[in-house]
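Note that chain A is present in both complexes that follow, paired respectively with chain B and with chain C.
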Partner chain A sequence: MDKVMSNKFVISLYVLPALLLILTLIYVPIVLTGYYGLMKWDGIGEMTFIGLENYTKLIQDADFWGSAYHSFLLALFSAVSLIGYLGISLILTSKIKGANTLRKIYLIPMLLSSVAIAQLWSKIYHPSNGMVNSFLQSIGIDNPPAWLAEPSLVLPAIFVAIIWQYAGFYILIYYAALKNIPESLIEAARIDGATPLQIAWKIKIPLIAGVIKVTIVLAIVGSLKYFDLIYVMTGGGPNGSSEVIASYMYQKAFGSYDFGYGSAIGFFLLLICLVVTWLIRKLTATKEEIQY
Partner chain B sequence: MQESVQYKVFKVFNVFVLSLIVFLTLYPFLNVVAQSFSSESYINAGEVNIIPKGFNVETYKMIMSDRMFWINYKNTIVYTVVGTALSMVVTTMFAYALSKKRLVGRNFFIMFAVFTMFFNGGLIPNYVLINTLGLDNSMWAIVLPGVISIYNMLIMKAFFENVPEELEEAASIDGLGTYGILWKIILPLSKAVMATMVLFYAVAYWNSWFTAFLYLDEKELFPVTIYLRNMIAGASGSMAAGATSADNLTQIAANIKSVTMVLTILPILTIYPFVQRYFVSGVMLGSVK
Partner chain C sequence: MSTIAQANTKHEAKRKNSAFSKLGYGVLYAILGLIAVLQIYPLIWLFFFSLKDNQEVFNESPFSLPTDPKWENYTRVWTDGNIGLYFFNSIWITVTAVVMTVLLASFVTFAITRMKWKLSKPVLGLFMVGLMIPVHSTLIPLFDFFLKLNLIDHPLSVVLTYTAFNLPLTIMILLGFYYTLPKEVEEAAIMDGCSIHRLFFQVTLPMTLPVVSTTAIINMIYNWNEFVFINTFISSDQYKTLTVGIQNFIGQYMTEWGAIGATLMISIIPILIAFLFLSNRIVEGIAAGSVKG
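This part shows the complex of A and B:
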């Protein structure tokens, strides 16, 4: 009998289109970034090989490290916020009436374009008629700040918008994973006298550890590369106070036409992501996978 | 089962937290809808909450009579439909092949794909690549970069792995080829995951703006997200954006922005309730691993 998926020709028809696309759209650019990073290039004219000059410049570039610090803060913040999402998902799956409806509502921000979200939050933070300041004025604070124009406040303000954007996505993942745990396990623990907190901590969380690990990597690596909401809302300003690695890279390449330096930043970012992923995997490595 | 006081307090607290999140999720959104129907003076005074004040639909009429808005809107629809269709074909075939444990090189293919979920070369080489291929200022610059999402592919693969092998073998004995099996046996059994994937891809294409921002110069090709972005940029005046009809207005009113936003996100929000019921089953089986 001709087994499904045993014919080489048929297999390649299924697999090749995707492989070719991934190769051209992701792997080729990765190699190119590494290559351009060794060049002096304005994006249009001749390339000149300058070795590691872009990287020595990068190491001394205070603006770059400023933006890297902001990206790091965002990554840390995203990772910590996962605890909140997990908590909400645990509550959602603990037989709450209408949990399903709530979950649907939480996901709505994920359906909106970053441009729309940026727009929405710029309105909320509007200095004179925004929602936040109207509220602050109504409780008696006379001079509320202009959130997105204040160097010390702009980053936290944007982080809140990013949380709003992604919370539903992580809640959905955790919710789905928690729903996958067999009810009999929970029931057995309950009969043995375990409290809801113990059940959550000793049974549910260990059982979805694999999913949690993946979300930690997704959140941290995603944050390090994060760009679009920040770019639309503030463009990295005021005065670089909301600049992150990716927006700095964009500014170098398309603002000052330094494609070589921009690529070096891009390649450096890639290396950071690789190292961070490796570290997370090391740190969260468990001896054995739990089976149920 | 009897419940302690402590447990009851805990429950009340839970309901409070969950409701607060619902409020925080929906309020900004309802506020924009209210603003889109309000008159400018009330918005500037910060008096509009969830209920429109100084009811007005003039702005809707104005935006809807802007020819460029409709050209861009039509572009968004075309990019979304073409992109989603192509994505579904490529992703389904790839996921189906990878769901077969006996596929030669299966683990390598999975690694090859999963790596790109976390790592990529960033926008500069992509920009150079698209321009070198001559795809700038064409639909393909928008469609190609988003054509395969590994996250979606993994969900789909996990779903296919759960379809009993015996079904396929029986179909094979009945004389169906691999395409027949995929088309007549697998796909009809996979409606939940297919619906989820179509929504994921369609939302991504509908919302994409950055590729358009990078690769398109002709405003006849812009998707509606760029129309919206240029409005914001035009209003804040801080960034030099590509000229749109919106730039002609020196001061872009908050009201106009709200209207554009509502019109842009309306289609997605209309479809969402019908597709979301597949979400948990779709994502659950995929629970990325």
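This part shows the complex of A and C:
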């Protein structure tokens, strides 16, 4: 038995194809991104080694920090909106008829491609014939703004589309976690006279703290990497006011063919994502120990 | 206090609160219902304007029903806009990548949970860390790599990348199932002299079919919707999938709402149909794929 199950040849046969794929297409590229960041390179011609020039340029690049700030706002906003999703999930799991169907309906936008969502929302925000402005006009607001062309409004407008896209996803996760809490625990608290709010705050939320932690990582790191919808909807505009790190990297690399600088941004993005993931896990780890 | 007395006081409290709680529940249902409407209505609105012509879009209220549904919007974009070709490409690229991902991931999960080897932990770690890598941090080297292999503007570049990037999530979902699966059946098969390959293909793989189909569905949705890789690696119409195809097509038909709506509807209908029939599987897969991270 053990002999069959520790056959080295079979193990390599089963593991190597997948392992080679992720090594060549994920791990080697992230190392190379850091390395290409040290080069002056247009993607076609010869590479010239320029040391840390791209990275020092990155630190002084106001446009980059502008995009990083937008990514940060997006991350903050996504993390805060988790509270709302948690609230909705708490309601959904409190003896609501049709809760299962409702959470499925909420999920539908998340299954659509970001391209389709971006195109649809560009129409929703259309200055004259869009849903939003037509509605605003019908309730008496005469000059509703052109949402996606207004530098101060474009980010909030995109946030709303992102909420629409992801709300169902987080509600689904919280719903599943809350359903896993044994009914007897909640019943016991109820008999002791705890109010629904107390039960939610003192029992349910602490019990799903692990899941909440995962969703915080997902929301923040997901926001830092966010690309598709913004790229299609505004391309980072107007005038960079909706640019995020990933779209800025894409524009530098595949728009102005500055592959060296694009690589430096890509490598920086990787570092931010890894550090933030590690940081959130660290910060939330102690809390969890107290609870259990 | 006896349990009966306890039950009584509880009952009384319930009666006192019932009017209040009825109102409370009414408000809650209203909130939940409103959210459902907000999630669905944009899609209904999209469907309506996909059946209108510009005349109707610009002169009537955006909330009106299409007076004379222009189904020809759909037939027109299907033929004029290469949408048929993009649709076909989406299907075969998605299916090829899904089959490869699920099969390779099953091999790996089998080797990690069933076989004994020293490096299994670190190898699993490599797959799991893969979940955290941002796509944009791999894009330039991947582009360069495929360029050198003459695979830029070749569908293989996309199929391989989809497979690699979906392996970590797929393995994660499979692992949970493999760990809970009793090993007795497999042990008995080995005792009976079953070879390891027969064990995998004829015993383990059939037993894991439920989770395999869950991961297949999740992978299908992700691949169907993927945008960054296909937009970067593929430039000729011949190999474009729906996501990037509709993006270019809409760019050309900026002002024709009906055509845009019809194109978008065509791209999302397969997902909506899949959801109609497989919603439980999809919900289960998304939940399994997110929480265990």
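A few points about this structure:
Quick note on the criterion: the second predicted complex is superposed on the first by the 269 of 292 C-alpha atoms of A that agree within 3 Å, B and C clash if a C-alpha of one lies under 4 Å from a C-alpha of the other, contacts with A are read in each partner's own complex, and residues count from 1 in each chain.
The definition used in the following text is that contacts are C-beta pairs under 8 Å (C-beta built on N, C-alpha and C of every residue); 3 or more make two chains touch, one makes a residue touch a chain.
Computed from a prediction, not measured in an experiment: that's the story for all the values here.
Considered on the superposed chain A, chain B and chain C are sterically incompatible, since they clash. Contacts of A:179 after superposition: chain B is touched, whereas chain C is not reached.
Of the two partner chains placed by the overlay, chain B and chain C both lie in contact with A:30. Contacts of A:269 after superposition on the shared chain: both chain B and chain C are touched. Of the two partner chains placed around the shared chain by superposition, chain C is the only one that A:191 touches, whereas chain B remains out of contact.
By the touch criterion defined above, A:235 lies against chain B but remains apart from chain C after alignment on the C-alpha atoms of chain A.
Applying the stated touch rule to the two superposed structures, the overlap between the chain B and chain C interfaces on chain A comprises residues 1-2, 4-7, 10-11, 14-15, 17-19, 21-22, 24-30, 32-33, 36, 43, 88, 91-92, 94, 96, 102-116, 119-121, 123-124, 128-131, 134, 164, 167-168, 172-173, 176-177, 211, 214, 217-218, 221, 225, 227-228, 232, 246, 249-250, 253, 259, 262-263, 266-267, 269-270, 273-274, 277.
Chain A contributes residues 1-7, 10-11, 13-15, 17-19, 21-22, 24-33, 36, 43, 88, 91-92, 94, 96, 102-116, 118-124, 126, 128-131, 133-134, 164, 167-168, 172-173, 175-177, 179-180, 196, 210-211, 214, 217-218, 221, 225, 227-228, 232, 235, 237, 246, 249-250, 253, 259, 262-263, 266-267, 269-270, 273-274, 277 to its touches with chain B in the complex. Residues of chain C touching chain A in their complex: 6, 10, 28-29, 31-32, 35-36, 38-40, 42-43, 45-46, 49, 57-58, 61-63, 104-105, 107-108, 110-112, 114-117, 123, 126-127, 130, 132-145, 160-161, 163-165, 167-168, 171, 187, 190-191, 196-197, 200, 221, 224-228, 232, 242-244, 246-247, 250, 257, 260-261, 264, 267-268, 271-272, 275, 279, 282-283, 286-287, 290-291, 293. Of all the residues in chain B, the ones that touch chain A in their complex are 7, 10, 14-15, 17-18, 21-22, 24-29, 31-32, 35, 43-46, 90-91, 93-94, 96-98, 100, 102-104, 109, 112-113, 116, 118-129, 144-145, 147-148, 150, 153, 168-169, 172-173, 178, 181, 203, 206-210, 225, 228-229, 232, 236, 238-239, 254, 257-258, 261, 264-265, 268-269, 272-273, 276, 279-280, 283-284, 287-289.
Listed in rising order, the residues of chain A touching chain C in the complex are 1-2, 4-8, 10-11, 14-15, 17-19, 21-30, 32-33, 36, 43, 88, 91-92, 94, 96, 102-116, 119-121, 123-124, 128-131, 134, 164, 167-169, 172-173, 176-177, 191, 211, 214-215, 217-218, 221, 224-225, 227-228, 232, 245-246, 249-250, 253-254, 259, 262-263, 265-267, 269-270, 273-274, 277.
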